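Just so it is clear, A, B, C and D label the chains in written order, and each chain counts residues from 1 on its own.
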Amino acid sequence: MNYSSMMLEVAVVVLGLGLLLADLWTPIEKKRNLGYGAAIALALVLIWSFQWKPVEDSLQSMYVLDGLALFFKRLFLVSAIVVLIMSVEFAARMEAGISEFYALILFALAGMMFSASANDFSLLFVSVELITVTFYVLTSFQRNRLASLEAGVKYLIFGALSSAFMVYGIALVFGTAGKMNFAGIAAMAPQLAGNKIFLLGILLILVGLGFKIAAFPVQMWAPDVYQGSPTPATAFLAVGSKAAGFVLLLRVLFTAVPEVAAHWTTLLIVISIITVLYGNLCALPQRNLKRLLGYSSIANAGYLLMGVAALNDSGKSAILYYLGGYVFTLLAAFTVICVVMREVEGEDISALAGLNQRSPLLAAALSMSMVSLAGLPPLAGFFGKFLLLKAVTEQGPVNSAYYWLAAVLVIGAVISLYYYLGVVRAIYWSKNPPKATSICVSWPVQIALYGCIIGMLYLGLFPNRVVESANRAVAALERPGPMTAVAHASGESR
Amino acid sequence: MDVTLEHYLVVSGVLFSLGLLGVIMRRNLLVIYMCLELMLNAANLALVAMSRYNGNLDGQIMVFFIITVAAAEVAVGLALIVALYRRRQTAHVEDLTSLKS
Amino acid sequence: MVELLAWLVLFLPLLSVAAITIFTRGNAARSGAISITAVVFSFICGLVLFYALPESSMGMPIQIPWLSIHDQGLGLDLHVDIGLRLDHLSLPMILIVTGVGSLIHIYSWGYMKGDPGFARYFACLSLFTFSMLGIVLADNFLMMFIFWELVGVSSYLLIGFWYERPSAADACKKAFLTNRVGDFGFLVGILLTWATLGSLNFRDLETRLNVHSVEFSAVATAVGLLIFCGAMGKSAQFPLHVWLPDAMEGPTPVSALIHAATMVAAGVYMLCRVFFLLNVDGSQALQVIAWIGGITALMAALIAVQQNDIKRILAYSTLSQLGYMVMAVGCSGPVPAMYHLTTHAFFKALLFLGAGSVIYGLHHEQNIWAMGGVRRKMPITFWTFTFGTLALCGVPPLSGFYSKDSILAQAIKDHHYGLFVLGVVVALLTTFYMFRLFYVVFKGRPRTEAAEHAHESPSVMLWPLFILAIFSIAGGLLGIESLYARHFEAAVAGTEPGFWDRLLEPFNEQLLAASFGVLAVVFGWLWARSLYRNKAVDPLPEKLGWWSQLLRNKFYIDEFYENVLIPCTQDALARVADFIDRWIIGTFAVRGTANVTDVAGRLLRMLQTGSLQMYAFLLVAGVAGVLYWVLGK
Amino acid sequence: MLTAIILCPLIAALLLCLVPRSFVVVMRVVAIVATFISMVLAIIVFWRYDGAAMGLSGFRFEQQVDWVKSLGISYHVGVDGLNVGLILMGAVVAFAAACCGWEIRERDNERQKEFCILLLIMSGGILGAFASLDLFFFYFAHELALIPTFIMIGVWGRGPDKNYATFQITLYLSVGAFISLIGLIALYLQSGAKTFDIVGLIAHVKQHPIPLRDQNFIFPLLLFGFGILISLWPFHTWAPLGYGSAPAPTAMLHAGVLKKFGLYGLIRIALPLLPEAAQSWTNVIAWLCLGNIFYCGLVAMRQKNLNWLIGYSSVAHMGFVFLGIASLSLIGITGAVLVMIAHGFLAALTFGLSGYLYQTTGTLEMDRMGGLLRKLPFLGTALIMAMFAGCGLPGFANFTGEVTVFFGAWKQFPLVTGIAVWSALVIGAVYMLRAIRNIFHGPVPEQLMAVAESTWPLRKLPYLVLLVSLLVFGFFPRLLTDKITPSAKKIIEMANTPSATPVARVETGQVVSVP
């Protein structure tokens, strides 16, 4: 195994350890600023990541560094940077140990970055567990808040339960295939396609991954945990953890068992339909903003699963693009929530009343993210949904169930308009905005918000480059020699 | 009587199911948590047996990973449950319903 | 030069509309002057055309393409010109419209003096003149329809001139809507004609009719009746006649111009214009037209007998005369129809203006029983009115006699003996109600204060009366009939008949008709004289009993429409549609969907109880379900 | 040139973002000037249309820039006879709407900024949608214009049903938009052209027609997707409700221009690309259009509120366009485009005037008004003219359009056309005259004795502009038809091509019976 290709992850882990060390020498009142330091360091790592090219020779190893991996690593880095800035903002609401919070974020980030490269069930397991275990702590970090503890416990039990499913699935797969490596299993898969033990194993693994992305039938935890966790942890959970789940899902389904995936069209379609409808319908009467986003995250998992269910390249690249937009959108939303809810306990939507007078920037950022989530142009969400819709419709002639999928996408998008625009309404035209004290927004948060807004707009208005790079990244998944295609594509950049 | 792979697998399956049942049925968080560990160990048993049967060591390496991870998980999980117990003076799941609908 | 003149005739009034609306809205005198100048100049241009237009350039096309789409797929050509057709039918008609129009414009100057809407009045009047000229000059169906509609709207504006009066506001609405019902048939008829013959231009239609006569004869009756619907609306034929009496809510000059002399004649004119489409083999349309005309004539004459409003009597008389004209067309006699149209324009305008003068003199009193003895107070009005009455009744040798006689003769010629009898009866009734009016209003002694202090109108109002009276008297001797005949009967040979020939023509040609006509007049007059001479109250209601009630209430046709026909058909449909829209689509379908979605959301949310074990159970159940589904088969 | 027309309002909107919100007058002036420039440019394009160089694809003033290459999406604008008039109409209405924005000023000075920005975005989006020759941008620009509509109704709307109206119009129109999006995507996919470019698609489809099975799948998607956007019966309930609650400028832009998007889409996209399906659906369209023309006309008769009445009448007018489309004849399509343009001016005019009326009298309940012609001479005259235009009076552009549609449709659908004629001539007149009678005729009620018109000449400007446009195109329809007909001919030729050549059939592997 070529360890030099892991330098990005190593850098992140070292950074985390260094942060813990630095904490020892930092005076208490300055500790929160360590977050900025970490964010800057991550920004450097991000810039560094653009120097990397996809590496060819790692197909048989447990760790690959193809275009897909790089795409997701950058996604994770971006989200971690914003989450760190958010955490600094959140520091005052933690009892102690803010540096550990930062460090845990970094470790979770490392786990996500590993997961992006996982090409082997053991690495998959380890990286997933790295993410999950750090999130146990992150979700329950506000030990003085019962809600946070409850969220932590729920996440703990569900995480452990799904880990158990996954591990057992891995055991079954290993038992039938005799291999842990995706490529190896792919080679074996044709003769295993009818083996029920093997299929059971794959299904159990998918259950474990479904937990990460909050898809039916393992979606129940999401709203509760989203609501109770500290906002930065929620944000990271919603963005990073979900994206990690998807990259693993893509790899397992399309690298390890493409034949099996092709058989499960109906299953995937049904699951994504139920997920979309469940998330959207439950969100309809919801008044708690973070819980709303929890349901919305379920719905979005459903949309993304549609890209998986489409089983074609455009579906996969749509997932990548959608996640790209989703990252900026959700980060913007959670940053705003983090800042606005600083003063209000409870995250009721009515707390947003008159936000446009208190801080136009926050109001604009939150409404733009809602508009983007609702899938309206000119923001990223629109083009993402467009790509998904295209991918799904493309399969229509093959199996008319895809048309139902497309219809559900539309229905979901329309239902979601109602509650997303409800948020926008609360911001701009509430009946009686309570108080007009302006909210002070620190400049790093401003930078983060502007960054997210620019990201949403850029992805929405000039999607060309991201679409191209997503296409190239996806090309790596299925081909027998995936690296060659990517290597030829010069100038891999975002 | 020879102890074949099937026996191991049946035992592991039974263990897994027992753990699962426990998670669903038991009311105490600690017990639930122990049941979860039981499920993990069921997987461990299966892995080791499979590894032996397949004649490669990957499975056993995996078991080590799992044990390590489980240890970490237990550490974090127990700390969490203790913290909750301190605050609520109870470790029953039915009391944990403030986040809902 | 001819073209320029023709365009001037048409567009001068429109220019005056534009000028008044844009520039001189606020200035009453200037607006009136512009409008009068325009119509007079238009008249002069028409006169020049009438006399100077060489026979060779009769009917030559003067066209500006307005809309032109050639559709190969349909194999049809939608080609519409703004085109003018100058021939023996349109030229005299132009003179009537602009000539009578000029007089009425001038009369209005006096009649409308001091009204706050003076400028608006003249703008509308000019708009009307423009539209009417458009109908007359149109060389194709669609252009005719366009101006048809414009005439409708200008009539709407003029009837509703005093829009603050609820009765006027309702009347104009009713007029427009009734006309629209007729226009519906007209437009469908145009569509059908176009689809069958492939053209809209009258000349093209005429030539194509010879080629495609077989195809056309299949739809000929339908076309004829549909087109007649248009005439039915505009010329107020039964059953669409109800708007005309109500239209008397407009200023009296308007009634004279639009609702007596010109606009209502448009229907008859149109029928004559497209007579070639009606008069084809296999078409039953003319029969229907003739009988509808006859029924209208009789019904209106009967109603007129028991009306007490001076303008309403004249209005029903107009209806009845229009019925005559339509009947003439139906008896394949466009020439008598046009002839009667022309003379009727003169004497009916005269009568209306005379009535207006009386109303003006009596300070807007319209009830005839509140008048009486006006003769001495307003001598000029009296004399001119008398001549108008005589002409209308058809007293030889006044114009009405000749035209009415030609219609009766036509009925005999076309073997419509029933209609002939009907026509004679109507003539008798006409004489009766006109002399009733005459005796009650002018003779006897003044019955009210207003009648006591009546005064003669200003000269600007009297001059038009004079001129119209002259034409009413001499209209029969001017050779109008042969003028029209030149249009319909190709190249009448022979010399122009002399004066005496013309004077005695009816008796030479169709003695029966002429003598019955004269007899009807005599008996009508005697009857009216015996009943109404020096009477202060109407003796008829006692004699007629419930008949009188029926007549006074116009056979209850308005009531039938308002309370039975419209509420039971269109309004009922509207009610149903509204119900469906509001409750079935709006509430059940749309709101229902929204509510179902909402309830589904609330129900689903109940799953999220917050209980960890509940979640775990659902998870396991879900996983088990998936496993069973995928692997269980 | 076209890009300038589209970008002018959008750039102005961006500029306004930077202007502090206290500079209210600046906002108004910028909005008016930007739309005015757009309008002037659109007039120039319209005027120079015949002289302009025609591109290879038959479009003029063409411009194309790649956007997302891998999907074949490009920014491609151009005009032919079908959309040159629509763009002109859109630009004029946008200008008028910007002028009418004064209405908002008096009610809500605080948020003038947002209003102007949204209005400009909407204008830019609308013009973009009509200029676009790329399916994706076509849709994108429409959505861009749609969102401000929702927001404006939500924030500045009036009436008790405001909230419900906002949500209904939002959800309803989004459903329509999404359905049509599926249709457009399916079209893109099934044509196999790998491009969203309309010109490219048409060229491709000429060689390789879309298989009938796919056509029959895509066409209903487009028909009903667009149909919802156009308020095709029975998906029309959002329209009266939404327009009844919308602020005047929004209603003007939406009812006038944006709504025509779906119709334009049907003509531009659905007919030529899916000819066989279109032919088999014409009967359905023809009967559905009666739902608009006849049924909604009847419902309009029962309305008591002026805005609702106009809303229903505007729904009813859409039926004429559908009838024209259903006829699949050159005359019908030309008429349909004429009606679209004419109704654009008309709807803008009526909604603008009703907004003005509401502002003056404080009510739109017709029972509570009367005799206002004396009090409000300009407004009254203009509204009466608009109403007559609405019931198809010659001289106004609507008449030309409607009558052309009748001529086009008569041969195929005599019965439907007959009912449509009845609705246009009689039902239309009934409710329009009833409105005039109630509002302007009769005695003035006590509480309205004091109303008076603004004497400021600029208040009249937008209405005059719209009235003049109606009259100009009513008097000289050839200004439009001469441009429309050649372009419509191409559409019709494609729509009426006999079924695809057998070669193409074999390629696509479809076995279809020729209808």
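Quick note on the criterion: a contact is a pair of C-beta atoms (placed from the backbone, for glycine too) under 8 Å apart; a residue touches a chain by one contact, two chains touch by 3 or more.
The structure presented is a predicted model; accordingly, all values stated were derived computationally and were not measured.
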{"item": "Chain pair with more C-beta contacts, A-D versus B-C", "value": "A-D"}
{"item": "Innermost chain, taking as reference the mean of every protein Cα atom displayed", "value": "D"}
{"item": "Inter-centroid spacing, subunit D versus subunit B (mean Cα positions, whole Å)", "value": "64"}
{"item": "Chain centre separation in whole Å, for subunit C relative to subunit B (CA means)", "value": "96"}
{"item": "Centre-of-Cα separation between subunit D and subunit A, whole angstrom", "value": "41"}
{"item": "Subunit A and subunit B: spacing of chain centres that average the CA atoms, whole Å", "value": "26"}
{"item": "Subunit D, residues touching no fewer than two other chains", "value": "167, 171"}
{"item": "Contacts with 2+ other chains: residues of subunit A", "value": "153-154, 157, 161, 223-224"}
{"item": "Per-residue multi-chain contacts in subunit C, two or more chains", "value": "605, 608, 610, 612, 616"}
{"item": "Full enumeration of touching chain pairs", "value": "A-B, A-C, A-D, B-C, C-D"}
{"item": "Subunit C - residues contacting subunit D, complex", "value": "65-74, 76, 78, 142, 145-147, 149-150, 153, 160, 163-164, 166, 168-170, 172-173, 176-177, 180-181, 183-184, 187-188, 191-192, 194-195, 570-571, 573-575, 577-578, 580-581, 585-586, 589-590, 594"}
{"item": "Of all residues in subunit A, those that touch subunit C in their complex", "value": "153-154, 157-158, 161, 165, 196, 199-200, 203, 207, 216-218, 220-221, 223-224, 264, 267, 271, 278, 280-286, 415"}
{"item": "Partner subunit A, residues of subunit C touching it in the complex", "value": "597-598, 600-602, 604-605, 607-608, 610, 612, 615-616, 618-619, 621-623, 625-627, 629-631"}
{"item": "Complex interface listing, subunit C residues touching subunit B", "value": "605-606, 608-613, 616-617, 620"}
{"item": "Partner subunit A, residues of subunit D touching it in the complex", "value": "66-71, 136, 140, 143-144, 147, 150-151, 154-155, 167, 170-171, 174-175, 178-179, 181-182, 185-186, 188-190, 214, 217"}
